[in-house]
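Both of the next two complexes hold subunit A, though its partner changes from subunit B to subunit C.
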Partner chain A sequence: MTIELLKVENMNISFKDDESGTTSAVKDLSFYINEGETVGLVGESGCGKSVTALSLMRLIEKNSSFIEGTIELEGEDINLFSEKKMRSIRGNKISMIFQEPMTSLNPVHKIGKQIGEVLHLHALANKINCKEKTIEILKKVGIPRAESIVDEYPHQLSGGMRQRIMIAMAMACNPKLLIADEPTTALDVTIQAQILDLMKMLQEEYNTAILLITHDLGVISEMADRVIVMYYGQIVEEADVRTLFKNPKHPYTIGLLNSVPNIDSENEGRLIPIEGNVPNLGMIKSGCPFRSRCQHAYVKCHEKNPPLFKRDSQFVRCWLYEEEGVQA
Partner chain B sequence: MTLENNRSSLVYPDSIEIETSSKSSIMNFLKKIKKNKGALIGSMILLFFILTSALAPVIAPYPVNEMNFEDSLQGPSTEHWLGTDEFGRDIWTRMLYGGRVSLLMGLFAVTLSGTIGVTLGVIAGYYRRLDIYIMQFNDILMTFPSLLMAIAIVAVLGVGLTNAMIAVAISVVPSFVRVVRGSVLSIRETEYVEASRAIGVKNWKIIIKHILPNVASPIIILATLEFGSSILSAASLSFLGLGEQPPNPEWGALVYVGKSFLSQAWWMTLFPGLAIMLVVLGFNLLGDGLRDALDPRSK
Partner chain C sequence: MSSYLFKRFTTMIITIVGVSVLVFMIIHLIPGNPVSHILGDYATEESIKELEMRLGLDRPILVQYFSYMFHAIQGDLGTSFITGYTVVEEILNRIPITAQLALYSIIFGSIIGILIGVIAAVKKNTILDQLAMLLALVGISAPGFWIALFLILLFSYQLSIFPISGYSGFYSLILPSITLGLGTAGSIARMTRSSMLDVIKQDYIRTAKAKGAGLFRLVFMHSLQNAIIPVVTLIGMQFGYLMAGAVVTETVFALPGLGSLIVSAISTRDIPTVQGLLLFMAAMIIIVNFVVDLLYTKLDPRIQYE
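Then we have the complex of A and B:
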């Protein structure tokens, strides 16, 4: 029996512009995350992944942006929460790991103090047992000589270690949902594997759901149960990880998979890139935003943005699947 | 060459003495200061003036305001090291006491302007909604030459030592606001501030625990440099007769009085002027040294 933990419905995020009103960053986004599930969010730079992640924690500045739609955490809409209640949720029920471990720790505070801050905030430790608990958490994320590391500063640790510390901070309160915004992008491959293993292990232990944001399809195939592909602020394809890798439907997903190195490729190891770039936000007013880079684009693509078509458990936003799919 | 030496000596203690990190970082800092000749000379100059001013009542050879017309306008001698003024008062004694006023004026001005400036700068940088108002007001203040503004403020508040201090403090505030706002702007966008927001830390706590410690070094450096220029402004105000009033000594005021006797008694202007110059130089050397020592790139 799966329990729905987070449900986002029709979320629109737009930012105030200097000249022309607003620029829309995320359009009509709907998805859900079940308890203990890992959902991968894939897409190129600038497609709205990180903005989506920040909006789930309500960390986008209010006075320069508009957020519409509902974000339900365990059945409650977090957009209606007071700032105080929201603070008690951040780091407690939802927590986040950032991309750049070298800069996500404050250089002037000791490691122990920074982890202790989370514990204090959410009343999981008092002054007496704080250090003890911190060491316990550090040991759990596989930090060697945890007793002495609590008294060290971030610049004395390597990138992989710092990311472990960040995970320790994020997992300190056993959150229901962990948002990992490109957690391994800045790490080298061997450390990447260790960090991913660690996240998996903690997930199994605490039944935490993970929203894994990345542009690395290798990481997705390793970690995710279900994958959401985003392009230009909207979902273009959604499927479970096996289906997506075996049978990608949207031309963009196919393009993404083609640009990953593959040992058995017929193409003599050459990669097929997707031509062009993601168009600037606000540039495309009508039609499918991917059409300018799509080999299959035809008249209809220029006229109207396709809706999501459902086929079995797979969702695709492309006119090519209009006949065989059901409009979702 | 010295830079290279500094770098290599910085790297080693850190990696070897990991266990005693907090102690070694202070030691490191002192080491860096020691290596920097300018900072060393600067702090020695300042130490000399601070000590002599603090000990003025003990080491002053004569009472500060006692007139002795027989000895008036005498040049430097073994009896009066730096000569005497038109009333026969010992210049050395008056400089010792004048130093207390000058240094205190600098301290007061920097403390007051630093407190106001840092507060406004943090508010402008962190709560962006007030940014435009604070900065535009700040820009208006900055268009006035600081001395001119200090004079204008004294004109409004009235002549006197306290008002002169306030005037100098207000004229220094804009540079604090500007520097602090800039640093806060860059720190508030860092991932560790975002991360602390993501674990549910309150805004004021983020400011105190995460932002202020990271903007401390530019504040310390600026405070040191402004200390020097505040003393200079205060002396200028006194020179114009707007600061400390006679018969109380102040370096700027001493220069002002000496100006009338420039052709007969050069020592009356030279020595107080030299003291002002040396103290300002000391603060500038120390400020430059601190900038090198606190530079995060050399960590």
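Then we have the complex of A and C:
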């Protein structure tokens, strides 16, 4: 049985710009994550993946940004929560790990203190048993010599080890949802695999849902159950992982797949990058934001931004599929 | 001792020696014969010669320097021309006041400065921030004697809370410490603010937020501990300014410390006292900065002198 854990509806994220207006970074985003499920969020750099992730925990600067829409966690709209209530969610029910393990840990605090802090913040440990619990957690994420590492500082550890510490910290309170924003991008390939394995193992043990953000489709194919493809702050395609890799629909998704090595690709191993870049925020006033990079673009694409069309359980935001699908 | 510390220690000694040469040169090259000053306008040529000989001032300057340093190393800085006490006795007599003054003003300046800097950084670009930075600017740029007179007028003359001048225990050091500490507070506030703004942007602060830390914890347990590191260097360097400031402050408040001693020694051409004091103060400043360097390892675990 699947239980819905997180349900985001019509989320809009905008930033105040230099003038007195706002620029929209994420538009009308709706998606859900089930308990224990891994949802991949892919897209090129600048698509709004990190902004989305940070907004779920309300970690973007609140003075210069707006988050609209509902973010339901276990049926409660946490977007309406007070800052204080939100603090009790962070690190506890939803936790997050980041791209840069080298800079994500506080350089002047010992590892033990940093992990102990999250236990302390959510009242899962007291002064007496904190160290013991911390070591227990470190052992669980497979950290060798956990007893001595608690007394070390981040600079004494490698990048892969620091990311393990970040994972230990994120999993310390047994969260319902782990948001991992490019968790392996900064790491060596061999370490990447270890980190992904670790996340998988912990997920199985604790039934944690993972929102895995990456621009690496290889990571997605290995980890995700369902995939959301984002472009210019919008969902352009959503499907379960098999469907997406076998039968991608949106020209952007197809472009992404063609630009990575793939054994059974039609291009006989040739990689075809997508021409051009993600437009800067506010550049596209109307029409489909991908049209300038799209081979199939026609008149309609310039006039109107397509809605999401649904067919079976696959969603695609492209006029090419207007006939086939139902508007979602 | 680690090689870094050894290097640092050697540099410190060389600096002190360099300072001693400089001090010696300045004193012996400035115009005005101390002996004729001591003996007054009606001194005869002969009595001047005789006194010069007795004080050793007739020897070549290099000989004077080495003889001075030879004694200085053994803790003998000579005897005052005027009072007849040894310079070391003079310093020991006066140092409690200056040391207290320096300590209190460093404490005052650091607490106020760091607090204001933190508030300004947390409330960046608000009225509060602008006000704080204006205050810091005033603290840095207002001359010590002006602040002193202002404080005396307000707290001693108008409100009669503090004594106007002279030393009568801790109480009489409050206004002088504030006077002296304000400039320090201003510089520290500025440095703290910019350092905090830098730290607040760091990834590990975002991590702390993601763990559920509140504002107080973020500011004081995560940001400040990192932001304070460059501030500590500044506090060490402020010690030099404090010594300079003590000269004015002690004079205005008529406190019998090293600062007022040096003023009176200069006006009476009391060469051994001036020389000994300058050397002593310079050495103190250099040593304090060395100690601050050592403190760094305690603050920043990434720095290890090994």
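The rule we apply is simple: the second predicted complex is superposed on the first by the 320 of 328 C-alpha atoms of A that agree within 3 Å, B and C clash if a C-alpha of one lies under 4 Å from a C-alpha of the other, contacts with A are read in each partner's own complex, and residues count from 1 in each chain.
Everything that follows uses one rule, which is that contacts are C-beta pairs under 8 Å (C-beta built on N, C-alpha and C of every residue); 3 or more make two chains touch, one makes a residue touch a chain.
Quick caveat: nothing in here was measured; it's all calculated off a predicted structure.
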Subunit B and subunit C placed together on subunit A: clash or fit? clash
Counting residues of subunit A touched by each of subunit B and subunit C, the higher count belongs to B
### Task
Report for A:Ser148: first if it touches subunit B alone, second if subunit C alone, otherwise both or neither.
first
Worksheet item: Can A:Met57 be said to touch subunit B (first), subunit C (second), both, or neither?
Response: both
- Query: Looking at the overlay, what does A:Glu117 touch: subunit B (first), subunit C (second), both, or neither?
  - Reply: both
**Study point:** Touching partner for A:Gly75 - first (subunit B), second (subunit C), both, neither
**Key:** neither
Check whether A:Ser104 is in contact with subunit B, with subunit C, with both or with neither, and answer first, second, both or neither.
both
After superposition on chain A, the subunit A residues reached by both subunit B and subunit C are 57, 59, 87-92, 95-96, 98, 100, 103-109, 117-118, 121-122, 153, 155, 166, 169
Given the complex, residues on subunit B that touch subunit A span 14, 18-19, 21-22, 128-129, 190-202, 209-210, 213-214, 296, 299
Subunit B partner, complex, touching residues on subunit A are 57, 59, 63, 86-92, 95-96, 98-100, 103-109, 117-118, 121-122, 148, 151-153, 155-156, 166, 169-170
Within the complex, subunit C is touched by subunit A residues 57, 59, 84, 87-92, 95-96, 98, 100, 103-109, 117-118, 121-122, 153, 155, 166, 169
In the complex, the residues of subunit C that touch subunit A are 202-204, 206-214, 222, 225-226, 299-302
